[in-house]
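Chain lettering (A, B, C, D, E and F) follows the sequence in which the chains are written, and residue indices restart at 1 in each chain.
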Amino acid sequence: MDVGIPGVNEILQGGIPRRNIVLLSGGPGTGKSIFGQQFLYAGFRLKEPGILVTLEEHPVQVRINMDHFGWEPREHEQRGLFAIVDAFTAGVGESARRERYVVKDPEDVQSLMEVVKQAITDLGAQRVVMDSVSTLYMTRPMVARATLMLVKKVLAGLGCTGLLISQVSVTDRGFGGPGVEHLADGIIRLDLDEVQGELKRSIIVWKMRGTGHSMRRHPFEITAKGIVVHPDKAVRITPRGWAEA
Amino acid sequence: MDVGIPGVNEILQGGIPRRNIVLLSGGPGTGKSIFGQQFLYAGFRLKEPGILVTLEEHPVQVRINMDHFGWEPREHEQRGLFAIVDAFTAGVGESARRERYVVKDPEDVQSLMEVVKQAITDLGAQRVVMDSVSTLYMTRPMVARATLMLVKKVLAGLGCTGLLISQVSVTDRGFGGPGVEHLADGIIRLDLDEVQGELKRSIIVWKMRGTGHSMRRHPFEITAKGIVVHPDKAVRITPRGWAEA
Amino acid sequence: MDVGIPGVNEILQGGIPRRNIVLLSGGPGTGKSIFGQQFLYAGFRLKEPGILVTLEEHPVQVRINMDHFGWEPREHEQRGLFAIVDAFTAGVGESARRERYVVKDPEDVQSLMEVVKQAITDLGAQRVVMDSVSTLYMTRPMVARATLMLVKKVLAGLGCTGLLISQVSVTDRGFGGPGVEHLADGIIRLDLDEVQGELKRSIIVWKMRGTGHSMRRHPFEITAKGIVVHPDKAVRITPRGWAEA
Amino acid sequence: MDVGIPGVNEILQGGIPRRNIVLLSGGPGTGKSIFGQQFLYAGFRLKEPGILVTLEEHPVQVRINMDHFGWEPREHEQRGLFAIVDAFTAGVGESARRERYVVKDPEDVQSLMEVVKQAITDLGAQRVVMDSVSTLYMTRPMVARATLMLVKKVLAGLGCTGLLISQVSVTDRGFGGPGVEHLADGIIRLDLDEVQGELKRSIIVWKMRGTGHSMRRHPFEITAKGIVVHPDKAVRITPRGWAEA
Amino acid sequence: MDVGIPGVNEILQGGIPRRNIVLLSGGPGTGKSIFGQQFLYAGFRLKEPGILVTLEEHPVQVRINMDHFGWEPREHEQRGLFAIVDAFTAGVGESARRERYVVKDPEDVQSLMEVVKQAITDLGAQRVVMDSVSTLYMTRPMVARATLMLVKKVLAGLGCTGLLISQVSVTDRGFGGPGVEHLADGIIRLDLDEVQGELKRSIIVWKMRGTGHSMRRHPFEITAKGIVVHPDKAVRITPRGWAEA
Amino acid sequence: MDVGIPGVNEILQGGIPRRNIVLLSGGPGTGKSIFGQQFLYAGFRLKEPGILVTLEEHPVQVRINMDHFGWEPREHEQRGLFAIVDAFTAGVGESARRERYVVKDPEDVQSLMEVVKQAITDLGAQRVVMDSVSTLYMTRPMVARATLMLVKKVLAGLGCTGLLISQVSVTDRGFGGPGVEHLADGIIRLDLDEVQGELKRSIIVWKMRGTGHSMRRHPFEITAKGIVVHPDKAVRITPRGWAEA
């Protein structure tokens, strides 16, 4: 499936295999949300409808952020190519009136996934981004695996390709814990490293079922048009200022 | 938005985008409180009213500290450009009489934010500094995300730009934990490092939604007039005496 | 016992001794599931029936994955050389109808092992792969040893050779914890390391009762036909990008 | 305020600003108690009365220790320049008769501070040393911040300058935890490091509100007359024997 | 006491002093069980009866393992020189009929030690190996010391020399925790280290009451006849592949 | 006070000051028990009676160990120069009849200290060794400080000099935790380090109230006559095989 981010199809040897559930993991400021929105925008252009489940950001703010990169969320919503599932406002305020898909109790994963199912069915969505799944189990690590298992079953059952954003702390080199890392069909990691006093962005594909992929770490930038990965460049980052901590 | 700290607008390519909720993170002695007060003082000069929510310091002491740098808090309070929300004294002592905005029970985040809302509305405040938000969840890490989510919703709802001071331990290279780091629109980190027996101050912008920013670590000093950042200088700090611990 | 993975018999000086219960340990993306399926496929060719207990993946997806490497799971199921024990769907959906061996409550290790016993007996299975055993005790570390002890007793009692897949976090250099590591007759570790910005795969046999084995770390690849180990090459991986964290 | 320890006024550019509440942090054997007593002795000579709140040492032993350095505690007690608040014996034994300020239940911070208040008022004390505050919350880390907040309010309310001794473990590079470190107006750290098989003493001022201070680590000795700091010498300690642990 | 493992008497300057209770500590795959069985076999040849308390392995498997090295367990059982205390099967299955010493509830250390006492008395045993004691307290660290204290009292009371196998995780450089390490009269550590991609075996005696011992780390191999230690060779292992983790 | 261990008086500039309560800290096999017994033996020769409180070893075994070094415990017991307080057997077995000072319930620190008091009074003891105090709070870290505080008050109240043996794990560079380290008047640390494959013994005095002391780490040996420290030699141990772990 065409990821639609310059350079990413190349390092994935063609893109993310359809129906894969991919963990997009990274620390704060690494560009995970932008990656997810850009992945959906690629779907818009290919007439593949997509869903963004927003758990940490107001739907209005999500649209502003997407506009910032020229991805015209409202236009694509009107054309039935895009929908936001609001799992942020809990239907409080104007959101209840203005948003089509609202999750009353985002703490209840079952009912959250019911709304997601509905949105997928309505649009015939092929791409689903959840930003972020970590929110669902951050304070309840014991349920992380069960939660992700449920999400995986729903998305896989409906034939969607899923991008699940996993937030890790800036000092954590893992992907979200063993219960989560092994469930995913793929793992893409975005990094922001302080190297000799300078912040450097890089991406590495750790795992991707159903396709070969680059075994290298590649640099990327966040431009006015979104993320640009350099598949022809590789980086090695050692020693890292903060990784030594 | 003009941050008003020499050098900071440069590394933020124009300042903090309006309505961003920014985490200002650092260990003890790094200058977080000074940064926050100086940010408010910049607002005074631009006729942008500002609120300082003080959770760890007596309002009287806050004014003394601001006077120390020549930022004339009382004058600006009288002109309606500045207000202190006293979430420190709990209204005990003379504060109940002297302070206009007093939070009776700072443990109750809901009622705290009610007072903050009132102050913002009264002044038409555009800048809000909370010193510190860590206090709100330090002994209750499980509620950190929910607390910050509430703060973010209130400030964003009223159109304010927020600077949330996050205290981390001197040996902690993170910004306040994963539940907190990912919620913020921006993260600015202040550091005080012992390098070869000498203390060095530096600032790095880790994330800032809505603007490009310097990807480098910059040195700064605390002078008699406040913080001065050197946007044209970059530092790399390795190995650090205490970071090796 | 012929492992059926090019190069592995060589580093095991003939293969895994029959009736050994072997822990196959590794982080996400290291190729553990492929190794396990390839081990079963080797049995197909030798007319040694095998069982795959799937705890994290839908039986349908398992068959797709095996087809991907040309291991024809359905054909071998029809010939009585292969069976899947479905401990994933809990018999929900079409699986209850389509799958022969379904575990209703995978949380109940006793009843899980009853189904496994039945499948082993029906096929006269000599090879059993459990993918993964970690799932059985991930949220209950205190029962890890008791769980593995039960599994070991059942498989050993029926004369099977077992490959128990153990998931460890990407930053964990252990094999699954002391309660688990010491129970196994053998430990094979698969690694995926970032070395200077490049991902490298390697295998090391840490322990194998009843046979000598290579004392070296060997590189391997995942090809279109499965895993290929290079017994004549040895690798030393230091320093590792992420191992420094 | 004149600290009265050779070299310390220099590195504090004049001494500790009056009314500051300073954390004096260090591991075992670093000289914290001596520093505190010497600070009080400096007050005796300047006719600034001082209080020593002893939580870990018998008042009799405190006087012996002070005599050891020639600081004549009894003489200064008689002249009304010094008082010990006994929060060690709980008034058991002869202490109830002999000591003027006895805390019956040192676990009860409220009543402890009542006695401290009384002593401060009686003497018109300007200096207060608490040795150590860690004792108040060592087994109850959740109340650390609340406890220190109370202490700070009392001392600041009475206009005293406070030196709060904070015990950290020998392997801990912090100052007593985030709840504590950020509350203090100043942080002075004493260190005892094993460097290449030799123990080295050093002092560093990490933070001091209301004054500039040396940004360097300085060596010091404990002599027969107390601590002597070398403000003109700086040390860098790396690698440290125990910091490698 | 003659340990009966080539090279070990030399590094212990004559062997393990009689009545010592020795902790034999190591990670998975280090050869602890082989060491223990070989120690018992040495007793057979000297007409010193020995007991093997098996807590993790079926008695039948233990005999197979010993046969593998030519140590003829059944022959020595018949001659009254060897007995297995079965603390593995809990008397379930054929073991209840076939094994002479069966512990019904291995969780109950008191009753376990009763059976051990009986076996020691019946045979006049001088050597006791428990494989492993870690099993007794792995999930209950708070009782580790009390458990080992009981074991020590029983064995010492009956005049036996004991080898207590302590399992530690592969990444753990300790011997089993402070409650356990200090109770033993001796500590022998077996190590399996990955050094530059190659696995290396070594032994070090950390402590042995009542005798001097080599202060060096010695290499060893596991051969078809058991362990062979090289007392004339010493190894230094640094840096270790996995010890850097 | 003459410590009676060759070299130790020199590094303590005359010995341990009378009435000091000293923590003797170290890992397993470092020689702590020998140091303590040798300290008591020095008292025998000076007609200074001493008490050994044994918490981890049978009194009979203690005497055997002392005999091993030629310190004739029974002779000195008969002359009233030595007594063992048996806090090991709980008065079970022959100990109740044979031992003069038996602690029925060693878990009850109050009653333990009552027996210790009695023994001190009977003998007019000047030296008390407790082997080990860690035992008193190992499974109850929250009471560590309170326990040591009680011990300190009793010993100090009776004018004794105390040597409190503190067991730390082999990988722990601390002295027994912050609650314990700061209460002691002195801290002596014994170390056993693996350096390049060789075990090395060293001693360092970290703190000693009332006297100057060597600021260096000194090598020592355990000979047939006990410990011999080399005050004229200093060692620096870096890098350490196991300290890198």
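Going forward, a residue touches a chain if its C-beta (ideal position, glycine included) is under 8 Å from a C-beta of that chain, and two chains touch if they have at least 3 such contacts.
Quick caveat: nothing in here was measured; it's all calculated off a predicted structure.
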* To do: Please state, in steps, how far subunit D lies from subunit C along the shortest route of touching chains.
  => 3
* Set of chains adjacent to subunit C and to subunit E -> none
* To do: Enter the angle, 0 to 180° in steps of 5, of the rotation superposing CA atoms of subunit D on those of subunit F.
  => 60
* Let me have the rounded angstrom distance from the C-alpha centre of subunit A over to the C-alpha centre of subunit F, please. => 60
* To do: Measure off the straight-line distance from the CA centroid of subunit A to the CA centroid of subunit B, and report it in whole Å.
  => 30
* Measure off the straight-line distance from the CA centroid of subunit A to the CA centroid of subunit E, and report it in whole Å. => 52
* **Where subunit F touches two or more other chains at once, by residue number** => 239, 244
* Among line, ring, star, complete and other, which best matches the way these chains touch? -> ring
* **Going from subunit D towards subunit F, every chain in order around the ring** => D, F, E, C, A, B
* Structure fact -> Interface with subunit F, subunit E side, in the complex: residues 142, 145, 149, 153, 156-157, 173-175, 177-179, 181-184, 187, 204, 206-207, 209-210, 215-217, 234-239, 243-244
* Structure fact -> Given the complex, residues on subunit B that touch subunit D span 27-29, 56, 58, 61, 65, 68, 93, 132, 134-135, 138-139, 167-172, 192, 194, 196-200, 239, 241-242, 244-245
